[in-house]
Amino acid sequence: MCRWAAYVGQPIFLEDIVSRPAHSLIRQSQGATRCPTPVNADGFGLAWYGERPEPGLYRDVMPAWSDPNLRSLVGQVRSGLFLAHVRASTGTATSRNNCHPFAVGRWSFMHNGQFGGYDGFRRQADALIADAQYGHRIGATDSEALFLIALGAGLDEDPKSALEIAIGRLTALARERGEAPHMRAACALSDGRRLFALRTASDEHAPSLYYRWSNSRQGFAVVSEPLEQDQADWIEVPPGSFCTFDRAQVRIEEFAPMRLTRAA
Amino acid sequence: MCRWAAYVGQPIFLEDIVSRPAHSLIRQSQGATRCPTPVNADGFGLAWYGERPEPGLYRDVMPAWSDPNLRSLVGQVRSGLFLAHVRASTGTATSRNNCHPFAVGRWSFMHNGQFGGYDGFRRQADALIADAQYGHRIGATDSEALFLIALGAGLDEDPKSALEIAIGRLTALARERGEAPHMRAACALSDGRRLFALRTASDEHAPSLYYRWSNSRQGFAVVSEPLEQDQADWIEVPPGSFCTFDRAQVRIEEFAPMRLTRAA
Amino acid sequence: MCRWAAYVGQPIFLEDIVSRPAHSLIRQSQGATRCPTPVNADGFGLAWYGERPEPGLYRDVMPAWSDPNLRSLVGQVRSGLFLAHVRASTGTATSRNNCHPFAVGRWSFMHNGQFGGYDGFRRQADALIADAQYGHRIGATDSEALFLIALGAGLDEDPKSALEIAIGRLTALARERGEAPHMRAACALSDGRRLFALRTASDEHAPSLYYRWSNSRQGFAVVSEPLEQDQADWIEVPPGSFCTFDRAQVRIEEFAPMRLTRAA
Amino acid sequence: MCRWAAYVGQPIFLEDIVSRPAHSLIRQSQGATRCPTPVNADGFGLAWYGERPEPGLYRDVMPAWSDPNLRSLVGQVRSGLFLAHVRASTGTATSRNNCHPFAVGRWSFMHNGQFGGYDGFRRQADALIADAQYGHRIGATDSEALFLIALGAGLDEDPKSALEIAIGRLTALARERGEAPHMRAACALSDGRRLFALRTASDEHAPSLYYRWSNSRQGFAVVSEPLEQDQADWIEVPPGSFCTFDRAQVRIEEFAPMRLTRAA
């Protein structure tokens, strides 16, 4: 399990989410309270949007709390749309290429969760990645595969539908060749304009997902765990939901991964 | 292009090949003389055999000349069979998982060369890796793919034939979907008992390959470039050769990658 | 606080201490039970003695549990005398140069503990390092300073006395310019022949220290925390002790840091 | 020797200096033409000023050309005042803490050159750093020492004079305890408002230094080597000069390191 936080709204310093809150993402990397792996020290990453359509990307393999570059960056860079992630490996080697977020073109993507028994069907999972996206396959995680499959399934046109297809396909592989629990996912992604988030699982244990509108910042924070314990107004997203954060509005739709009899 | 050196014989300190000779592998990483990329600073690696059937593996992304761990290791570890590599990336990201040598079970493998236009057919190359080996696919290089395809093609039973098949398949992909030059390769590999090396290319420019028997060490050094400029007795391996170094003997056979009309 | 383990006896694979026991050093890096910082993920290090008088040294800044080089190394290297350390930074930047063990000539040294308010008297601490050792000052920790001061105070001739002087001087600085608790230390060190360990503090809270003789291995393990919870025969070293492990024998002497009215 | 480039003027993307020009800083890291060490692959760094008085700082130990974080950062961040550096170690270990630029408060500093025989008088050099700055001494380079000594000698009030004192003191140490050439330096530094640069040496071989005003950018580039070979309007700064770049103006004064009979 990993922890992540994302933001869309008026530009703020990244540190306002990543390191300054009492239960900031960096604090969560040292002691998460709502997930089975309290320490998330197997790398971290940031994707932020600024003056260009493509996001900036900064990822490294150290624990987030000990990287002076990260500390400096989040104190300098101001952005109105960004994703941040701390990783607890579920087996795949620690490598920058396996750190979230992943970015292709104007899209960025991060993920908390897993497909059960993924190591046993990596070959089949890779085969679901389209030719056009295969050049972006540089790591070995299920998360990167999910992102690239979704890109090939029309993420540009219809993000919710593309992810229902991509998650559906990988879940079918997990059912066919993997193990239970077959799928658990909380994802955040962005095209540089809107922030999307989803919460889903093949069982009763979808990873936690919350959001909160801040009047002072005029923005949404979307997170694995509330950033301040004493803020009562964090809203829990129910399992099976797809959220679209667009300026000051959020739309929540049902999210139902495509059910397939066969994966391929 | 990369530079590499391997050794089989009476145990010596790794530094006797890696860092002490006048034109040692580390010196070559700073200024190779027989290849188009004089600086090989995009990572390095060591595989050595000791008391276990599987090799030890040490790889990192720094230039070899600046890593104090490497300097310490090669000064402490003595081995009768080892492979060492310095990398000049031909495009793939610098990452430990993309550094040579690669190791699976008792096998280790390293490679200098390329398959032309590999980025354009990575998906098809990965598809040639068998299920049993796919779990070892953690990087994104053509070299790792070649090794894993060869393992699936019977490396254990007949190394020369397995590599003729694997190189043949990837060369066919390069002809079909890539670009010229389609294939150039100088590889070294070991099963923990014998050291194998090959030199081949689809054109007239096979990467350089030399070996030398040392009476004082009672061992063979096999290298991209001679380790001492003033030693006249380095023997150049002709293109189209497969060498088996077994104790004090070397056998050189013709190496002819399988010609395929279609890659898959 | 950090965690460490050392061994002297018949050669064993490093993994027999570092990664295989139920409560191995790597396990302790993820969840130590007898210290206030359960996660020790700010780097690690190994010093081992083999065929040379000087130790091999391997240190890196990742968490110990996620470094494939470390895993490979401890599975390959066999040694009859080694030190291993996992670090939880008490403030100093994560850097290979700040990772333990430190090594100079044939000596290696590692430390768990601190001198209170060290950041406020680093300049004075450095000034206690002798000219002959100053070239080895490449990091910024109190631990490295302690080691180098001890070397200048006669570590070669009388290790106990040299450490009583060195710890005494730094403790005097902490009293003069730092803060309480002024000193807590559990150290291990070796000259390549014997293994030394000490436990001391300026208050009632000396860091934990245990040792155990293994008949099957014919060796001593000396540790911050017992490596197996169900082994009843770990012996706790009392505060104010200096231990010398020499082959199958241990000698325990009183350790009393020199009391100085002024540090410099 | 190292290579560096700095900029002050209308905000530009860092990549306009760091990676896009034909002879950009990253190109220079692979093949500098005007210095004795053509490869500068022992780390790199950036300091840039944005919305805060303190600079952002990004440094790492890889070759600059192979770091995807660097590539992303320089393509995203726009700044009107920044310093960039690629390092060829003159002996000191490769470590983030030894990479330039260094930053303390609102100041940033970088350096190309050396004090002759520095390893032999590091202890005396450190002793010249004032108490107030000593806490910022986290590496082991002469460059960091020079910066901290200058801060203690009044960099805030009079940068030229502070550097004449600091360089004078270290040069005196080199004369007393080091070796010839005693001092060579090309430095750039900034307080977040103005950009300063100096060129000096104790012999005839001061490191190269150039600047150029760009009308299209409305800014000054100050560099070790011209960024475009075909631009004829790079102005070489004569040895013994201190330059102050303040908006669209440059003032060049004589720079004469203080001559001291004794260093301390």
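When the chains are written out, they are named A, B, C and D in that same order, and each has its own residue count from 1.
Note that in this section a contact is a pair of C-beta atoms (placed from the backbone, for glycine too) under 8 Å apart; a residue touches a chain by one contact, two chains touch by 3 or more.
This structure is a prediction, so every number in the text was calculated from the model and none was measured.
Colleague: In contact with chain B and with chain C at once: which chains are those? Just list them.
Modeller: For chain B paired with chain C, the chains in contact with each are A, D, in label order.
Colleague: Answer with same or different: of all residue numbers used at the interface between chain A and chain D, are over half used by both copies?
Modeller: Same residues, largely: of all residue numbers at this interface, over half are found in both copies.
Colleague: Since chain B and chain D are copies of the same chain sequence, what is the angle of the rotation superposing the Cα atoms of one on the other, rounded to the nearest 5°?
Modeller: For the C-alpha superposition of chain B onto chain D, the angle is 180 degrees.
Colleague: Centre to centre, by mean C-alpha position, how many angstrom separate chain A and chain D?
Modeller: 39
Colleague: Between chain C and chain D, what is the gap in Å from one C-alpha centre to the other?
Modeller: Computed value for the inter-centroid distance: 38 Å.
Colleague: Pull out every residue in chain A that's touching 2 or more other chains.
Modeller: In chain A, the residues touching two or more other chains are 68, 93, 96.
Colleague: Okay, in this complex, where on chain D does chain B touch?
Modeller: Interface residues on chain D, with respect to chain B: 30, 39, 41-42, 61-63, 66-68, 89, 93-94.
Colleague: So in the complex, which bits of chain B are touching chain C?
Modeller: 48, 50-52, 54-60, 68-69, 72-73, 75-78, 96
Colleague: Which bits of chain A are touching chain B when the two form their complex?
Modeller: 92-93, 95-97, 119-120, 122-123, 126-127, 129, 131, 134-135, 137-140
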